[in-house]
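Naming follows writing order (A, B and C), and every chain is counted from residue 1.
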Amino acid sequence: MPDSDLIAAVRAKRPLVHCISNIVTANDCANILYAAGASPMMAEAREEMAEISALADAADLNLGTPSREKYAAARICLEESNRLGKPVVLDPVGVGASSWRLENAARLLSAGKPGILRVNLAEAEALLGLRRAEQGVDSPGEDSALRRRARAAGGLAGRFGCAVLLTGETDIISDGRRAAAVRGGSAFAPLVTGSGCMLSALCGAFAAVTDDMFAAALAASRYWKLCGALAERLCSARGPGAFRAALMDAAWSLKDSSRLEEVRAERLEA
Amino acid sequence: MPDSDLIAAVRAKRPLVHCISNIVTANDCANILYAAGASPMMAEAREEMAEISALADAADLNLGTPSREKYAAARICLEESNRLGKPVVLDPVGVGASSWRLENAARLLSAGKPGILRVNLAEAEALLGLRRAEQGVDSPGEDSALRRRARAAGGLAGRFGCAVLLTGETDIISDGRRAAAVRGGSAFAPLVTGSGCMLSALCGAFAAVTDDMFAAALAASRYWKLCGALAERLCSARGPGAFRAALMDAAWSLKDSSRLEEVRAERLEA
Amino acid sequence: MPDSDLIAAVRAKRPLVHCISNIVTANDCANILYAAGASPMMAEAREEMAEISALADAADLNLGTPSREKYAAARICLEESNRLGKPVVLDPVGVGASSWRLENAARLLSAGKPGILRVNLAEAEALLGLRRAEQGVDSPGEDSALRRRARAAGGLAGRFGCAVLLTGETDIISDGRRAAAVRGGSAFAPLVTGSGCMLSALCGAFAAVTDDMFAAALAASRYWKLCGALAERLCSARGPGAFRAALMDAAWSLKDSSRLEEVRAERLEA
């Protein structure tokens, strides 16, 4: 596990994270970036994509509630960020829900390279061509074997040459060479829309403070699992509405990595 | 009143509810569906509408913050859902606010048939051609006589051949043959944007677990009134911000219909 | 400082405030308007802009997450509101983030005249041509000298012939003839996305109940600073998630201007 304190590094650098977001979770993504000490910048028009990509320290391309415009903007951002050596997180929300989403995600992934690909198992398998239809975008209650999940993460990492963060009850992080599993969090997390989107935004913040995308994805996963566990306690498990607000409070309360050991992370065979 | 436990049925089936949403309340609609045990899927691009309509168990067409694109997508979804026999909820938000909204809602209603039409009194009267201008989209403080409201609901049900849920301090449910009134809820509800939108999304969840659209609308109304009453207690009436989060917690806490009797529902002459 | 009770006047008139909003903060803007006793109406399609502008008591043009469509709609709304003598608030979110934003804001400001321009220092200086790039849209931690901020506010007021509300740790209000500074609020405010957007929406509500745009901007600033201070106490400073919900509760709890004196406001040399 990496030793550098990326949580403190985000607060020290205050990176500008540009998000192409969606109408469902844009607010949560901006707020979680503030809570973690980063600075959000939300934009989606192609006319300003190159300029804003150059301004930002990292980009998070969230493909939920897609449109032609958004795909065009995401492509410009990905190409420009690649050209400038700035990290990009790709979150292909519900990519298996339509052939149009799948084609556009594939086109995007052939136009450039994300540093981190953040997916759930259904999205991973859709991208790998293993299945298409899915139950919603978050697939809660997923209890597929760790092996299946690790294989999917490793397969994506190999195919797209990036770090992969495959989330679920257990998160898998892989970059093809290294792999890890992170457990913990809260059972409320899959009951809050955007818990995956927020994690992707956080990946952007962490990717802005290290060159190691595996380390960034791993730190984001552990931080977010810890936020979930703390939020559940903060809100006394009152329900998903209270939990959602408490996620922001938990993220804000963590100023460095000193409590990350509360989240179990273990190396896997890559 | 129907006896089957639709609240438990939603949790058992976990229906995929596809929402064409709006930029104001998309997040709340997704979260309330999760809280009720359903699975939200938010999409609005015409390119994927037919495919996603086929994937979903029910659709909720919310016409707030409208655009040409959204109207085109809503039409495809309505036609495809009708063709496949899948239930559609139509929520013509603020339809009286412009002639453009009114024309597009009328065009949509002539292209296909919703299972449930969810409106407030101003929207109902706009659709019936009784008046156009309105005070905002939620018309809080509405104290029109029950008779006027029941007439509007029955008129819409007759004209469009669907169940109507006309909301306000007292909700009216009508399908032309049957009618009911549901009282209760919280005085905070009209102070929270999206309380109507969330109810429409819930109608989609209930419509996915019964063939009786009147029963689905009635169950959604009673469930939502009970959520309001519980949320007000949960948040100690602290204010609309606390109430909004508590709505999610209340919805999540109700696992079956055992407490629905706390909400007064009575048959009306149809 | 003006004596009339604009907080009570908003609750008495319940003005319809039309907002061209953005996907990040539309929900918060609608909810804060309800909490303050106003009635929100969110729309952004050019097809209905003239009609809705005529229906509304005031408009709030928020240029965050911009698109060509939104700029076109904002222009129609500004021109029509000017023609009808209805007040307009302009909030050029992150205007310094791209040359495209800057050009479109300039074009809008040459097509019509807002009553109130609500900006932070970075946005003010971008509009004045003093600098372009910026750190995000909210510039928290801004501790520029009062003098620099007052000069920027006065400069904008002079150039665009409107009242200016330049927000930060200390808010500056100026209309070229008069100037004031408002202190207070909460350190959590810059950690919540949309705290500026919500204030702009509130400016719309206050502008609907007085002809004096300086007075409206000043009242909105003082009200919002007081809401921030109260919200911090209400949520026991638990974090930005709890603070955000408490902002709504605080705004709702203030029924008149009797507690405004808790916020320090002082006249400045104009």
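Methods note: a contact is a pair of C-beta atoms (placed from the backbone, for glycine too) under 8 Å apart; a residue touches a chain by one contact, two chains touch by 3 or more.
Here the structure is a predicted model, which is why all the values come from computation and not from measurement.
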Chain copies touching (subunit A, subunit B) - same or different residues, decided at half shared | different
When subunit B is superposed on subunit C by its C-alpha atoms, the rotation angle in degrees, nearest 5 = 120
Subunit A to subunit B, mean C-alpha position gap in Å, rounds to 32
Two or more other chains are touched by the subunit A residues 22-23, 27, 244-245
Would you pull the subunit B residues touching subunit C in the complex into a rising list?
-> 22-25, 27-28, 64-68, 94, 97-101, 133, 135-138, 190-194, 238-242, 244-245
Touching subunit A in the complex: which residues of subunit B?
-> 14, 16, 21-23, 26-27, 30-31, 34-35, 39-45, 47-48, 51-52, 55, 69, 234, 244-250, 252-253
